[in-house]
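Quick heads-up: structures coming right below.
Heads up, the next two complexes both have chain A, just with different partners, chain B and then chain C.
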Partner chain A sequence: MAVKAYPALLRTGFAAAVAYRAEFLIWMFSTNMPLIMLALWAAVARNGPVGPYTQRGFVAYYLATLLVRLMSGAWVVWELTMEIRQGTLALRLLRPLHPLVAYSAENLAALPLRGVIALPVVGILLWSARAHLGHDPFLWAIFPVAMLGAWLLTFLVMAIIGTLALFLESATSLFEAWLGISAVLSGYLIPLDLFPHAVQRVALVLPFRFLLSFPVELILGKPARGDALLLLAAQWGYVLLFLAVLSAVWRAGLRRYAAYGG
Partner chain B sequence: MIAVEHLTKEYRVHRREPGLRAALRSLVRRSMETVRAVDDVTFEVGAGERVGFLGPNGAGKTTTLKVLSGLLHPTSGKVTVAGEVPKERSTSFLKQITLVMGQKQQLLWDLPPSETFLLNRAIYDIPRAVYDETVDELTKLLGLGPLLGKPTRQLSLGERMKCELAVALLHRPRVLFLDEPTIGLDVSMQATVRSFVRAYNERFSATVLLTSHYMDDVAELCPRVLVIDHGRVIFDGALGELVKRIRPDKRVLLRLSRPVQRRDLEALGTIVEHGEEAVVLQVSHGQLQSSVQRALTQLPLRDLTVEDPPLEEVMRELFARGAKAEERALPATGVARGAEHTDGAA
Partner chain C sequence: MKRLFAIVRAQLRASAALALQYRVEFVVEGALAVLWVGVTLIPILVVFGRTQVLAGWSFPEMLLVLGWFVALKGFLEGAVSPSLMNVIEHVRKGTLDFILLKPADAQLLVSIAKIEPWRVVDLAGALLIFVYAFHALGRVPSALDVAASLAMLVAALLVLYSISILVVSIAFIAVRVDNLLYLFQSVFDVARWPSTIFRGALAVVFTYLLPLALMTTYPALALLGKLTPATAFGSLLGTVAFAAFARLAWRASIGRYTSASS
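After this line comes the complex of A and B, so read on.
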């Protein structure tokens, strides 16, 4: 049933994204942190490269970061916590379709619109920092899979924390905390290879890297083919792990909901 | 169609006094309390019946509807709806029921209702021909024509409720749970919703279980009512029967062509209202015939009507009796089922 209904869910989700285009644009423009970081690091790199990054290198890094961020975005945590608080989750539970499947379609359906807005970023990236982009077609071939993995991880983390609203009143603050840590450890603010070695070693195995830095590294052609495959496997390993966690949290949450009411 | 046996539903809730000190204390130790929202409730509803669920706020009406629709699990007792166990929430069960909550909406806020219709067609896997026929029928019954293309947020409350009902019924559910479907609607819209629910019930032989604060909804729609108070069913039967048991007196409304002295009226019954042109009397059943006769012969009448007392009053009295019974600490089991028990307890 879910598979059959998915196209209709995507279509409605797209219609909703179009209806919300003004909010959408504002959200897009508020996603400007990579540009601020770019201005900062470009100034620092004026007198010589910082680690492996020249000025152009930073341009490539942060534009790629912006691109990946725009195309891997989801918002299910806000929707889920609001619907749990207002009790409208009940209406979703009454339909013969898993609410998380419906949420995933709604979030995924916004991607084409995000793509339209991300296009100029791609244009600027190609125009200003082409030399710093990867040339290996193999890395480009696995890039879409890594992007899908990054989107799924983003969605799953949000869904897990959103579902916690069935237990906690402070699920959104928990998400803010996650965002804060993620901004540092996913390479959103600072490229991971600029961290001290000890921090790097930790950051490279945590899930945060696979939300953002990994696809960015592919765009920049950084990993060797073998490493890229290992990283992809690790990313999808995290996807499966988070899926299992979500499924467990969801089931426990619903049991609690069924016991106490919405 | 619906069978409920000894259903009990308890919640555990946090309890905290107001104020800063209590807030700090609750950081360390949260005191929990068990609340019994539904207490040993048993009833059955046959296919095609329209049953009204009455009771004051917090009586357990919505909790029962949520258990029946599978959202809440019973603490104890057995529930079956359309031959299925609701708490399992199987696809076949969910396709047979609908729950409309007057204060919550499933229509997508920024899109026209037609979008939610199409979405539900996919979710409920409704065959094209059936969908087209149902939409046609619902559009006619509810006058949805001009509304379907407007964004939901631009619809008035009444228009939205009509679309909300339509979208909840697209899959032709056999069991309708309606929780305050007319809340906030004006009188004519309430009437529209009522006649629609009745038409749907007759057309599809659907079972309807309805809660409402508007007694008119219940009086017009439901040949049978279940009265619930403090989680217990205290009456199960026809509405007229309930009125007769709780308030056997009739109301006699007199319209006069000139004012009448109070003492001339006192002989006919208890005076409820005494105006220059209109008088309302309360008259016991046995005295009714003679009082009407005397009024017709002795008073300067323009018009005379005999009515049951307003339902709101009946309900107020019923719940007041329940409260009194509790104050006197009579065993609560005494008011378990049927008005005989209620009368006994009061």
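After this line comes the complex of A and C, so read on.
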């Protein structure tokens, strides 16, 4: 059932994204933090490289970060908390399709349009920092898998916290806290290898890295092949873990759910 | 004039009382604000772990810029944005009519409709940052510097407010601009760095077109006693012109407004 419906859901999701293209574009533009950080580090690196990064190295890092961020975006947490608060989740529950599956299709369907917007970023990346990109075809081969993993992790975390709105009033605040911590520990603000070693050691095993930094590291060709495979396994391990958490939270939440307003 | 103050006081008291009813949220949001101040600090700590001086700014001097940034962000997200988001909602639903019919200035009424008092945590954070920065600098600012800095702060608040009013004025023409306000909030993040780290076109944009330099860099320079009187008076004049322009734009868009209900 879900398998048959999925392509149709993707098509309608894509159409919705195209219909609200101006709004969509503005949302994309508000992902500009990597460029701001780039301006800062470029100023620092004017007088010589910082750690392993030259000025061009920073350009490569932050453009890759921007690219991965644009291509792994989801927004299910906002929709889910709103629908729970307003009671419209009940309508979704009545359909013969799991609401989370429907959400995932809606979020996934925006990716092609996101890709179109991300194209200029790819262009600038290739044009200005080509020398800093990875050369190993093996790393490029696992990059799409890592990207999918990053998107799934983003979506699953959002879905888990969104589902928590069935228990908590302040689920969106919880998500903001997650955003703040993850901005620091996922490499979004600062490359993880510029942190002090103690912080690095913690950051490298937490799930945050696999949301963003790991695909970026693949683009830059940093890890050795063996390490890359290990990291990929860890990433998908987290995907499975979060999937299990989500299904547990979802089931427990639905048991106590009573739509507001009947 | 007296009547204006009475209106402002009553309105502010009402919105504060409304916000204070949600006590758990008060605590949660306060904790979040602390977290975000921390997230704002971390990049600076890492950068100055790598360098002593950045584009002529030492670590404590940079903290002053950051302090103003934290304070202004608190003002923007605690006092300006919530009210103006409300306006956009009113325009969409056609309920702005009720406000326009009231016998007081509509811009005043919509501007103070909603505040989030827990953002005072940001102000406290900013104050702590200032105290620490001057402790590290090993001196206290002179009374004149503080006065100059406060004058620049008033200018900064006025510019911030005027930009938001301009954004809302666009709401009368193109209704889906709640995300335009988000876009501005995200661009505002640039103001966490001194404007002098930017080079070329970006420097011009952030000084004149979108005067972020005025908002955080100039008040910080004033505290350090480094702001020239010419720059100070120039930016005060610019601010007044900008505010007048925003007021005119608001009047023009109110003139164009044709209620959604009829």
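Here is the rule we use: the second predicted complex is superposed on the first by the 257 of 262 C-alpha atoms of A that agree within 3 Å, B and C clash if a C-alpha of one lies under 4 Å from a C-alpha of the other, contacts with A are read in each partner's own complex, and residues count from 1 in each chain.
Criterion: a residue touches a chain if its C-beta (ideal position, glycine included) is under 8 Å from a C-beta of that chain, and two chains touch if they have at least 3 such contacts.
All values reported here derive from a predicted model rather than from experimental measurement.
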For A:5 in the superposed arrangement: first (chain B), second (chain C), both or neither?
first
I'd like to know which partner A:44 touches here: chain B for first, chain C for second, both or neither.
second
I'd like to know which partner A:91 touches here: chain B for first, chain C for second, both or neither.
first
Could you say whether A:15 touches chain B, chain C, both of them, or neither, answering first, second, both or neither?
first
Can A:36 be said to touch chain B (first), chain C (second), both, or neither?
second
Looking at A:240, would you say it contacts chain B, chain C, both, or neither? Reply first, second, both or neither.
neither
Taking the stated contact definition, name every residue in chain A that is touched by chain B in one complex and by chain C in the other, in rising order.
20
Could you please specify the touching residues of chain A with respect to chain C in the complex?
20, 22-23, 26-27, 29-33, 36-37, 39-41, 43-44, 47, 50-51, 169-170, 173, 176-177, 180-181, 183-184, 189-190, 194-196
Contact footprint of chain B on chain A as seen in their complex
1, 4-5, 7-9, 11-12, 15-16, 19-20, 86-88, 90-91, 93-97, 255, 257-262
Counting only contacts in the complex, chain B reaches chain A at residues 11-13, 63, 66, 69-73, 87, 89, 91, 94-95, 97-99, 101, 104-106, 108, 110-111, 115-116, 118-125, 151
Contacting residues of chain C [partner chain A, same complex]:
24-25, 28-29, 31-32, 35-36, 38-39, 42-43, 46-47, 49-51, 54-55, 176, 179-180, 182-183, 185-187, 189-190, 192-193, 197-198, 202
